[in-house]
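Here you go, one structure.
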Amino acid sequence: MPILSKHLIRDENLIRNENLVIEGVDVSGDWSTFIKTRVVQDYNDSLQEDIAALPGGENIHRCWQCGSCTNTCTINALNPDFNPRYWIYLIRIGMEEELIRDKEIIWQCVSCNKCTSVCPRDVMPEGVMRATAHWLELKGYTPESPATIFDKVFSSQVFAKGKIEEGRLMMRFFKKTGQKLTQDWLVGLIRGLVLRLPIGLLTRMGLSALIHPRTRDWSNHRMAIAEYITEQKALHRKALGLPTTEESR
Amino acid sequence: MNTPVLVVGGGPAGLSAAHSLASTGQKVLLVDKADRLGGAPILSGYAKLVPSGEWAKDAIGGMVQRIESNPLVEIQTRTTITEFSGAPGAFKYMLAGEEQTREAGATILCTGFSHFDPVNKPELGFGIFPDVVTTTQVEQMLSSGKGVKCLSDGRVPERVAILLCVGSRDRQIGREWCSKICCTVSANLAMEIREALPQCSVYIYYMDIRTFGLYEDAYYWESQEKYRVKYIKSRIAEVTSDGKRLIVKGEDTLVKRPITIPFDLVVQAIGMDPNVDNARIASIFGVELERHGFLQRGATYRAMGSTTRPGLLVAGAASGPETIDDSIAQGQAAAMAALTSLKAPATEAA
Amino acid sequence: MNIALRIGDPLSEAPAVNREKLEEIFEDIRNHQLFDHELHGCLNCGICTATCPSAHYYDYSPREIVQLLLTENLEGIYDAMQEKIWACAQCYTCAARCPFHNSPGGLIMILRETAIKHGMQSAKDVLKPYTRVLMKVISTGNQLAPNMITPDAFADWGPNIAKVKAPLKVLRKAIPMPTMHTMDTAWEINIKTSIELYTIWEATGVLGQLETIDPNLFDVVTDLMDEKRDEYEEWLEEQEG
Amino acid sequence: MSNKYRKVAYYPGCALEGGASSYNRSTKEVGKKLGLELVELENWNCCGAMEVKNADPKLQTFLSARNLKIAEDMGFDTVMSPCNGCYHNLKKAEYDLAHDEASRETVKKLAHRAKTEPYQAGKVETIHALDWIRDAIGTDELRKQVRNSLKGLKVANYYGCMYTRPRHIFPEKDQGGANSDSTYRPHFMDDLLAAAGAENVEYPLKTACCGGAHTLSDSDTSTRLVLNLLTTAEACGAEVIATECPTCHQGLEMHQARAEKVFGKKTKVKMLYFTQLLGMALGLSARQVGVHENLSDSRSLLKEKGLG
């Protein structure tokens, strides 16, 4: 190795046999070490269209890589690897493998919309982040992220009742993500609050957790939304070349 | 008004200058070394022009017809100037093959440019691989109606790469200028290819995109938004072949990774060189060339189109890379300067 | 992938390098007599990286190095000097292609010299394997001799190492050309030549660099040189006497 | 005092019915005190917050369009929402319906299936509680009505994301001058609290993100973002962060506690809804504006400042 160490080589590009004997000769270790090229050798022409077919990704093809989105990004400031411009580029050009390397962090977008506000080409990067996170899940590259689970728990409550009740929402989310129903840091906070609250209000809050807030005459809406979601899901899966129902997978 | 103004070169600038002069009643002698008028757009068979979208043979062809039918314009094709002397208001010159000296009150050089010959960049594969072509060749494919095809076997390409800055912005081959029009022309061609071949992906490899002014949204944006042309920030270093397809080798500078990508057709956006005859033109007409070999401009603001020789004017790409519409405008401006110098040679000839 | 060193990262345990130090390093680079010759400007076109053989295997891009220098990104330059600059193979294909006539390979050379001057760990680590060669040159005037070819030193020879284990002394006798049949030198060097070499190293700063990079080796080497010089003095005296 | 916005439709949204009851209470109390009338939307539904948008943006448009249609049917041309999320979504729905054919079609289709009439853009104006008080009362009038000035209270005004971004859904902003709020340096809340006597500190993170989207799904990120907001506010000399969004407010409260518990980073700055501060300035008691219902306890600071 002509340089100090292997930092400049991705692990997956380093081939090395620790135990290899060929025709009776031990060729393990250094002798069998080989570096694969890191050169990009082809584009996946359909990746951009995949993302564009999902909600939020429609304008991705407009990007001209000015970098305003990444410059202003809330999460990029915390983690330089979170780079909307870069991912948009990978998608546009079709560097799928490269994109999948970051599959664990793309969903972390906080939807602060700074990028969408500054984008001079109306790419809506925030939407693209969402579409990309969905794409990763639909394609099976990642399990559903906690954010997606939360979105689903929340949305299903809205779709079912027309309204949200926060206590129930939290409980359901913690349950779905296998977390303790009583997060340590929340307990102290709520205990402090309860001590300050008058009995009447407490009773009311208790009641709202039992009698769920709901929008009246919601059933028509519930059905309309359910039907629409089924249609959209089928459309998205079709656009990605996936079987149109999840069950048939 | 009796002595014709000499216009050298019958491309967009020369046609425009001749027409402008004639429309004021001024006689003109229009000389061109080629066998017909029209300059690069006609001789090289350009397709649709920027920014009008008109076919070159209609747009520039129309200008040619207008001149050919104008009784005040004498046309001499397949002709060059062999001698040139005199002062503003009384230039003397001789045409090749003639014995007689002619006279001109004013002279406008509209001698244009030469397309860069990409044989000078062998690493980019032109002349080695038949499917490496120039923008000019693609223009011809489109304008001839034969369609965009691979020259090796006539197949329709599925993936086309357009390489910008071939023969421009390259000190290795002594070309430090930007050819000004290739970005826009390439975006235009990319859209035409996508329109003709919707299944074909078109990639443009660029270092900067210079679709200046109003070309920005009409070409750069439109090609992305409507035609899904893909832009990759990379200057290609080499074009090779795996025996089946062409391989372009570059660095995708936005992801900091080297790339070697297969293509069916590689189009080189060739730049604008000084006219290959500029050295001769300079010595016959007694004008200076600027350091790259284009005709040196004189005063910039006092008179449009002046050269380093008083009373001798220049218009169009002879003095540097230029667009067709600006060449036409410059032709007209030079005609105005010529008329002015004929009227008041002592004060205004610059 | 680990990043060798992050500058000024509040979460990193590594101490941040202070600004003065970074500026001092950059001044040394900037004031190198070849700097302006190797760098004119940059179009960010990437031709250098496209043709760079190292870039095809390492996370290394000559364009990036040029950009760091052009934009005077002191932290980035310092960071690159920890590892990246040693990935260059010094083939200078970049220089042959650059449309701006830069020489990224030449810039790397300047950065390497500066890394040595500042005694950076990367330089120490990279140059470590050359200790044997240096010792050989100093003591014998040869850079490579048969007895340096040991299995330890050539781990990456793999199965071919068996040949090294063979009786070299005998094998050398089989070579038809005159080989002096020695193991510790490849050819004989006149002591005067050695002394001249020492003078050149001293005058050009090579020994100064060695002192920065490996003080122990420097001590050993200077002792050796002193011995040789004494030997030479004695010889001269003998000649006179 | 203008007649504008004196009686508007009121869309509290789920948060104000739940955990942010103190924001709901103080908004109503301040309105009452100032002689402004709020008529709650009949049988409203959740705006979909960020979560429905993430699932499908057009569904969120539909949900908000339904609420706008209710306001229209009740005879209102203005709907006021104190919650940034609701406000944002109504604005976004308005924008999409005005500019995007696909959104119009989807809303029409869904309304049809739900056996209702679709809302059409341009019928109802959406305003935030800030616009409401600022435009109906104005800072001059407000100043006159102050009974218990916030003098000496150092406040950082925090507006968050959804009040300002993306800018194209708020065409009335960024018009310059005092009467148009800025998406880059909003000042309506500053103006109101200054009129109430507060000493606003120069706070550079007015529109920074609190990470509300991932309060539960990526808590560490949210905590880091909130901690940044809190420590910066303190560095700017603020004793209180004034808020105008239930998600931000609760996010600040929860992650202040979490930062202390999980990262051992303690901050002292308090959070109060701007309506709570205004209410107390107008002479309402701390209890009347629901200070005790906030998750975090700011009573000792208020006592110290002679408020409530």
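Residue numbering begins at 1 within each chain, and the chains themselves are lettered A, B, C and D in the order written.
Keep in mind that, in the parts below, a contact is a pair of C-beta atoms (placed from the backbone, for glycine too) under 8 Å apart; a residue touches a chain by one contact, two chains touch by 3 or more.
As the structure is a computational prediction, the values presented were derived from the model and not from experiment.
**Q** Taking CA centroids for every chain, report which one is farthest away from subunit B.
**A** D
**Q** Could you tell me which pair, A-B or A-D, is linked by more C-beta pairs in contact?
**A** It is A-D, judged by the count of C-beta pairs in contact.
**Q** Could you please state the distance in Å, as a whole number, between where the Cα atoms of subunit C are centred and where those of subunit D are centred?
**A** From the centre of subunit C to the centre of subunit D is 64 Å.
**Q** Which whole number of Å gives the spacing of the CA centres of subunit A and subunit D?
**A** The answer is 27 Å.
**Q** Taking the mean of the CA coordinates per chain, how far is subunit A from subunit B in Å?
**A** Using C-alpha averages as centres, the distance is 50 Å.
**Q** State, to the nearest whole Å, the distance from the C-alpha centre of subunit B to the C-alpha centre of subunit D.
**A** The mean C-alpha positions of subunit B and subunit D differ by 60 Å.
**Q** Could you list which residues of subunit C touch at least two other chains?
**A** 56, 59
**Q** What positions in subunit B touch 2 or more of the other chains?
**A** 233, 252, 258-259
**Q** Graph of touching chains, which shape: line, ring, star, complete, other?
**A** other
**Q** Using the touch rule from the top of the page, what pairs of chains touch, sorted by label?
**A** Pairwise, the chains that meet the contact rule are A-B, A-C, A-D, B-C.
**Q** Which residues of subunit A touch subunit D in the complex?
**A** For subunit A paired with subunit D, touching residues are 55-56, 74-75, 78, 108-114, 116-117, 124, 126-127, 130, 145-152, 154-155, 158, 162-167, 170, 173-174, 177, 184-186, 188-190, 192-193, 196-198, 201, 208, 213, 215-218, 220-221, 223-225, 227-229, 232.
**Q** Show which residues of subunit B lie in contact with subunit C when the two form their complex.
**A** Contact set of subunit B toward subunit C: 123, 165, 169-172, 207-208, 233-238, 249-253, 256, 258-259.
**Q** Of all residues in subunit A, which touch subunit C in the complex?
**A** Residues of subunit A touching subunit C: 2-5, 7-11, 13, 25-27, 29-33, 35-39.
**Q** Touching residues of subunit C toward subunit B in the complex: what are they?
**A** Checking each residue of subunit C against subunit B gives 43-52, 55-56, 59, 61, 63-64, 96-101.
**Q** Using the touch rule from the top, collect the residues of subunit D that touch subunit A in their complex.
**A** Residues 14-15, 17-19, 21, 43-46, 48-59, 62-63, 66, 106, 109-111, 113-116, 161-162, 164-168, 183, 208-209, 211-214, 216-218, 221-222, 224-225, 253-254, 257-258, 261-262, 292-297, 299.
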